[in-house]
Amino acid sequence: MSLFLIVAVPFLGALLPGLMNSAGRKACAGVTFMVTLVAFVGLLSQLPAVLAGEVVQARVEWLPALGLNVNLHLDGLAFFFAALILGIGLLIIAYARSYLARGDNMGEFFTYLLLFQGAMVGIVLSDNILLLLIFWEMTSLASFLLIGYWKHVVEGRQGARMALTVTGMGGLALIGGLLILGQIAGSYDLSVILENREAIQASPLYVPALLLILLGCFTKSAQFPFHFWLPRAMAAPTPVSAYLHSATMVKAGIFMMARLWPVLSGTTEWFVIVTTAGLLTMVIGALIALFKHDLKALLAYSTVSHLGLITMLLGTGTAFGAMAAMFHILNHATFKAALFMSAGIVDHEAKTRDIRLLGGLRKLMPITFVIATIAALSMAGIPFLNGFLSKEQMLEEANRTVLFGAPWLVPVLATVGSLFSAAYCFRFIGHTFFGPVRDDYPAKPHDPGAGLWLPPAILVVLVIVIGVAPFLAEPFVKLVTADVLGAAAEVPKAYFKIWHGLVPALFMSIIAVVGGFLMYLVFAPLLRAWDATPRPDAKPMFDGVIAGAVALARGLIAPIHDGAFTRYAAVMVLAVLGAGYYAFGTGVVGATAREMQPMTPIAVGGWAMVIAATAVLVVMHRYRLFALVMIGIVGLMVSAGFVFFSAPDLAMTQFTVEVVTIILLLLALNFLPKRTPDESGALRRIRDAGIGIIGGIAATALSFHYLMRDAIEGPISAFHVANSYKGGGGTNMVNVILVDFRGFDTYGEIIVLGIAALLIYALTETLLSGPVRARLLNRKPDQAFAGDAHPMMMVVLTRVIMPIVLMVGFYIFLRGHNEPGGGFIAGLIVSIAVVMQYMASGFGWTSARLRYPYHGVIGAGVLVAGLTGIGSWFVGKPFLTSDFTYVRIPPFQEFELATAALFDVGVFLAVVGAVMLSLESFSRLARRVDMVESEHPMEINPARDDPAEDPLNELRKARTETA
Amino acid sequence: MTHWLIVPVVLPALMAPFIVLAARYHLSIQRVMSVATMLALVALGAGLMWQTSDGTVLLYQLGDWAAPFGIVLVGDRLSTMMVLLTAILALFVLIYAIGSGWDTRGRHFHALYQFQLMGILGAFLTGDLFNLFVFFEVLLIASYGLMIHAGGNERLKAGVQYVLFNLLGSTLFLFALGSIYAETGTLNMADLAIRVQGLEPGAETAGLRVAAVLLILVFAIKAALVPLHFWLPSSYAEAPAPVAALFAIMTKVGAYAIIRVYTMVFPAEIEATAGLHGTWLLPLALVSVAVGALGILAAKKLDRLVTFAVISSMGTVLVAVGMFSQVGIAAALYYMLHSTLAAAILFLVVDLTRHGRDTLQLITRAPVAGAALTAGLFFFGAIAMTGLPPLSGFLGKIMVLQAGFAQPAAVWIFSVILISSLVSVVGFGRAGSTVYWKANIVEPDPESEATAPSVMAYAGVGGLAAVLILLTVFAGQVHSYTQATSAQLFAPNTYLSVVLETPGKLSDPKGGE
Amino acid sequence: MELLVASAIGVLTAGGIYLVLRLRTFPVILGISLLTYAVNVFLFASGRLTIGAGPILNRYEDLTYADPLPQALVLTAIVISFGMTAVVVMIALGAFLGANDDHVDDIDDTEESAQ
Amino acid sequence: MTWTVIGTYATAICLLIGSAFVMVGTIGLVKLKDSMTRLHAPTKVGTVGVGAVLAASIIHNFTFGYGSYHEVLIMAFLFVTAPVSANFIAKVNIHERECDTPPKPTVDEHWATLKPNGIEKMPDQPAQPSNGG
Amino acid sequence: MENRSLFQRIVPHPFLTILLAIVWIVLQNQFSWGMAVFGLILGIIIPFATAPWWPLSPQSFRMGKMFSYAVIVLWDIIVANIEVAWIVLTVPNEKLKPAWISIPLTLKQPEAITMLAGTITLTPGTVSADMSSGGHSLLVHILHTDDPDGVRDEIMSRYQARLEEIFA
Amino acid sequence: MIDLFNLPVGDGPGATFLAWSVAISFAVVVISQILAMVRVAVGPGSGDRILALDTMVVNAIALIVLLGISQGTSIYFEASLIIAMLGFVSTVALARFILRGDIIE
């Protein structure tokens, strides 16, 4: 089977259990088993090639530019690990099928499990280290899901997060390390990297890369000081613990170190770091394991300890060490998986894993007892069991290793570690199975069905077979070792046998076993001493670190993201000022190129007005209506300034917009407080004034800078001046630019207006359909109202003036192309005319008599403008291409017809619609329950009097008489 | 004369008023028209991208006026890619909006949505700086409408800040444009590039530098670069979910503009702009990455968490942009595609999570129907966003890191991005396990009437997820496209000559007047 | 003359910034209006200052004119900012009506009350 | 030539008259003692003043350019609207009690402005600054 | 209203139509028949479109008398403006004698009353400030007078009486 | 100062007189404008402020017309017309706001 398939099968198969969930538990487990089996068989199909020393390859490009390709390879090492993963996987699946409770979602469980399995296989088969990284991180994720699988278990969630955090951290470090490694080697393919030992070790980036990679490996493999997450992960269902946290995932770190052994090992840094970490982990893990009462915790720490052992072996950097490591991996996988499953059986049956509540199970669960005992003795290093063999090799290697210049250090620590190891093994056996049968088990235990005990039994058979006949494993281990060593070293000649003679390792081993047994015997006082000894507990420390990090993050983030817009704005202004100052200050400033134009008194007068009005506005802004008046003055003077500087269109637009804006603001102010409270303190005001003044100085300086210089090349508007009549058919260049040269801007601009109106309308609707509605309807006005809402004089004047204003609007519209004016201003003027009518007789009365669908007006405007633009497509021209012609219809003079004018109609309609829709919205908000819709255009009208009751009849009569 | 290039702008611009006029009271017609438009836009985007994929630069002279005198739309690899991305995002987000019923919770959703797209697409396509301003305004004002869609006090308060901040931004934009016109006498980007690069050595540069720096600040605000990012968290958190999801592209508009303008017009290596953006964009981007990650960890609400993830991911984009190298920009573009989708997915998932919950605070609530699927999607989105394998976020991050090797600040780039990733992972892990896992310890509320979100809502999220997966699987192809795009950006001769040498009405090539 | 215009821009900017930093929406909107004036004049001034030469083409004489392009740009900007102002006024009003509070700062109390 | 001279002088004189009235109106606005009396000055004098300036513009145009008389419209507009503006301002003054309370109307009960239209005068502080500070 | 002729319906306010046409011509700033016709067309269209907002117009309106009234008022304006200017410049504040007067309104048409009020305001020294709640009195403020009743009678005879004739 | 207006009055009789008249008018209007603004600021009543603002609008028209005279152009006509119309509208709007709160009720 292709390597792709071997990796892909678990992933593809992961879909199945989830889908089969409804088909029943058996089906779920069955399909998962089958999927794994397919992959396993696929792997085995490559065995002949592997045994023949070939490296099976499969390559496909994924991200070649990045050097990230799906390059897989299968050599002995990869095969070894893949076989472990898939083989143990098969057993675990069978075991899990019986283990999981009825309420557990099996589909979910097996989906995660298969995802994990696929990722794990991916790690070991990857030839590309970036690809390996992907699988690496996926195992962390799958592990996260599996540890947290029992979502009701608090420890599960916490353990999952801790595992994710620690291995995630390692994973990210690994990313950095591997990227550096690839950078040094010039490729991310392992096959290339492994050939670059000299280059890598000579590189100045070697040490950072090594540290980062080791951080990844140590966290993943729970090496000291990152060992603490693993026992917490034991909250997972036992199959998960057995599979991930014993047999496979934790070995990913080991695998990585083995894989990169040829290029990374052999340096002092590698030796010191790896060996030390391994040794310490071995000793500390074993010590902690000894005093754990939870069977799985005990096994977990024992795993930590054994991983330390393997790490230490890899750290020595010798070929023999590497070989011993590989052998121990094999052995550890067999006995530890069996132990986990046994512990799971005990837990499953006795409903507790607390060793203090157990004991005497030997009689109740004989099968389990046998399996567990053999596995545990192997772990303790008892001869004729495989654990003994690799431990011997380890001790032998330890004997030869000199760390920190002390030849005794490593052997002593190795022996101590082995001693503790033996002790907890004896305790595991003794406290669980020996002793009297108790009557207070949480549940009455007995041997389970074969589904649960057969998988560990198979493993135990292996334990014995290898233990008795190590030569059976020898070629395979050597094959694997050869692949670990690569070109860096030769596979050692040593034989795998039970009896090596009276070598120091044997004595160390004896010391360990005997000492271990003695410790087991005096366990009770030791436990008391242990309990009395203060020692750091990882969980609260970890929690503390996380809580501290969260608190730190909150302390940093929350205060500056607290919703204080005013500060956000201040920061932004300061950032802009700072950046602008920097940019200007670091540039070249030349001499001015233009003459300053002399000031005229009028200009100075106008200038003084703007300054004064602005100053008064700023000082008195808290009186809101007054502020509006002042801003009106500023706008008026700015408009006058535009006139002064030859921009009549601008002046008109500015002023019209000004008035409409003030009207809108007045409409809004009707609902708002009329005064701004005096809230900000003097300091704050000084600060803000300071920022404002700096900003003002900057704006002055910048504009003065530009005003006194010419553009680096002639402005493009020369073209517009030259062609506005020739090409645009108008003499008002500004208007021609607006509707023709840059008509697209204008198109966007009217859309902005249209959206503004739609938005205002939509918000009004929303407000009026929510809780605000009642409040608005029953609103108590905050000011006294004068009588006579619609005074006669205004009404009568409007009747005459409004049509005239409309006509002026029309006039402005028509003239726009050639003289100041145009669709936009015309639209505003027409709106103003209607506003006048609203103000005269009220919105209700006015709109009841003439109701335009303002939505429609906006829509029509935008559509007309857009369709005018599209119209040019039909003559094969781009959007908004204008054309014009001169027409003469008697009795009128010749006049110009330009498509741009049609576009201007669109502008006009959109403006009118937008302004009117906005006003309508405000008016609807202002409606109160106590308001009566007026049926008359004016409140007071003596013409409506009943002639008979006219109080002035007397007077009139009297006057007629005198006349 | 083909008009394809302008259709992405004009189609929604015509569809919106049409919806307002003709289908104002017919929701189903609005929906059908809206979706149809999105499908058409996807097709258009794909077509344009295919057309430009060989390096062709498409030009559309509005009003038949040649650049720089008139406004032109320019389609190159970059702009068409952004058009397609926007269209795809908008399609699925729209499906979600319909499926979740968000479009019925206020008026004119569909019209505003169309206008929003018009603005975004116009911003991507225009070749004129002032026109870019206009499209910014179109997209902003539509976004105001969408942001406060459905109302509510919190949303309106956030809306006020959002609008005000952007008004300040628009003001700054105008200051920048005034500076640019005053200094160079032109507004067309290509013309500007020629004029800027034609500066004699030793010529006066102070004014030009200010113009360049003001402009990049405008774009940085849009791109939520720290410390100009303050507008983002509350506005995105309070915006209706589909809107927030659509907004995922809006920050990219800022990034796009930075890429466009600061590779072609104001490249970092010319004398006039030396030290202007090269010096501080990258450090600030790194700070953004960190601030975003810390915000993820600090968040007490799920929606706030996602907004900080957006800040962090924008930071990553800008880190890559800030290298101003060809590999850097290629990485930035890929990461931009990714983070747009990832952010959108997360915003939608957060909304799905809201189903049956009274709060988005990171506290435990009873599980509701559909929670498992939602949780799965959250997990997916979180993996994508934090840059964990195997999704595109990881690939994008690797690209950014690889590009970072050549930088003097490589150590910083590596440490900040990697450590921030870890912090994000922790933050997402905390939040996800609290919200989705812990729910299982609470008894489901039998009174709860919350039903599972509709299939269509899931389809919207699922569609985005599918696109993200495609982005992962075809990462090689996509990346070679972004590399080609980056190469095109760093060799803008074709762009410049197509824009400036195509004759228009009354003008010879190179502007005979 | 240039100095007058430049300093007027500066004063408008300064006043605008000061008001933008106030605590209530109404003055902030006024501040934005002032800033809008400032920037409009600034943009207008990018065509330099011309007196007595409005950009209305004289078809019969060859004259010089004020630069029409910035004028057109400012027109567009004025219209757009008008739409924006209308919108911000409405949204601010909506926010005020909903919460009976017109502070711009929205000090986040939901964050604090969590858990 | 004669017409030009007459036009020139007429323009100038109109301008001087206009500015005189503008000045007087402004003085009235500044000097007069209460709101109602102040109302007299600018609405009329100012209007006439600007009217004269507009007349000057018309004359000037007739003298030196082509005939242009559309300033008449502005003048007419100001004239027509001035009374209404004044009326509104007077109503504001009455409403805000910025002047002596007017005597009762000859006929009818109230003056329209003072007739409560459903809303009584609120005992609120005035929404306006009471003085320049 | 319902028995209005077709002409009345199309041209509801003939004087307004003419006024608009004149305004149009003035706006054009140069006379041409084409523009006059166009102005007239607009003068018909615009009032037609806005007719609902001017539901009732005065039944009678004497143009001739209106003309002479206008001449009188214009003269008054010019003369009395000078008076007011004199008052403003010379009379010190403490010697100023402002006064309110109430003018009984014999006019009934809103158009007529407005014209009266406008006249009062435009003529110097007086401002029409308010109207009584029934519309039967006009409140006028006088800038400076020793004889408020005299001013009232003057207004009633000089303006109101004439307007009554115009709108009779 | 007088040359600044660059009046198209030729060198005919009265040209200087006209130029001086224009200058005086400008001065008067500007002063009037400033004084009116003082009244806006000082008040005290809303009526006073509105009145002063209205005066300022009228003065602005005068300014623009003077500018037109001094530059010999009539392109500012529309601007003055619009200011006249809108000035009235804003006066009414402000007054209505004081009187009724809602200006288009």
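Each chain gets a letter, A, B, C, D, E and F, in the order it is written, and its residues are counted from 1.
We take it that a contact is a pair of C-beta atoms (placed from the backbone, for glycine too) under 8 Å apart; a residue touches a chain by one contact, two chains touch by 3 or more.
As the structure is a prediction and not an experimental result, all values here were calculated from the model.
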| item | value |
| --- | --- |
| Least hop count linking chain B to chain F through chains in contact | 2 |
| Most remote chain, CA-based centroid, reference being chain D | A |
| Relative to chain C, chain with the most remote C-alpha centre | E |
| Inter-centroid spacing, chain E versus chain A (mean Cα positions, whole Å) | 72 |
| Distance from the mean Cα position of chain F to that of chain C, given in whole angstrom | 24 |
| Centre distance in Å when chain C and chain E are each reduced to the mean of their C-alpha atoms | 41 |
| Where chain A and chain F are represented by their mean Cα positions, the distance between them in whole Å | 59 |
| Touching two or more other chains - residue numbers and ranges from chain A | 558, 561, 563, 565, 567, 569, 573, 598, 600, 620, 625-626, 628, 644, 648, 669, 699, 702, 706-707, 715-717, 720, 741-742, 745, 749, 752, 755-756, 759, 763, 766-767, 770, 781, 783, 785-789, 791, 793-794, 797, 800, 804, 808, 819-820, 922, 940, 951-952 |
| For chain F, residues that touch 2 or more chains besides their own | 31, 41, 46, 49-50, 74-75, 77, 81, 85, 92, 96, 98-99 |
| Multi-chain contact sites of chain B, meaning residues that touch two or more partners | 130, 134, 137, 141, 144-145, 148, 151-152, 160-161, 164, 168, 175, 178-179, 181-182, 234 |
| Complex contact set, residues of chain D against chain E | 20-21, 24-25, 27-28, 31-34, 36-37, 39-41, 43-45, 48, 66-70, 72-73, 79-80, 82-84, 86-87, 90-91, 93-94, 99-100, 102-115 |
| In the complex with chain D, residue positions of chain F that touch it | 8-10, 12-15, 17-18, 20-22, 24-25, 28-29, 31-32, 35-36, 38-39, 41-52, 54-55, 58-59, 61-62, 65-66, 68-69, 72, 74, 77, 80-81, 84-85, 88, 91-92, 95-96, 98-99 |
| Complex interface listing, chain E residues touching chain A | 13, 16, 19-20, 23-24, 27, 32-35, 37-38, 42, 46-47, 49-50, 52-56, 104-111, 113-114, 117-118, 128, 130-136 |
| Chain C contact footprint on chain A (complex, rising order) | 558, 561-567, 569-570, 573, 594, 596-600, 603-604, 607, 610-611, 614-615, 617-618, 621-622, 624, 627-628, 631, 634-635, 638, 641-642, 644-650, 653-654, 657, 660-661, 664-665, 668-669, 671-673, 676-677, 679-680, 688-689, 691-693, 695-704, 706-708, 715-717, 720-721, 724-725, 730-734, 737-738, 741-742, 745-746, 749-750, 752-753, 755-757, 759-760, 763-764, 766-767, 770-772, 775-776, 818-820, 824, 914, 918, 921-922, 925 |
| For the chain D and chain A complex, residues of the former touching the latter | 77, 80-81, 83-84, 87-88, 91, 94-95, 107-108, 110-122, 124, 127-129 |
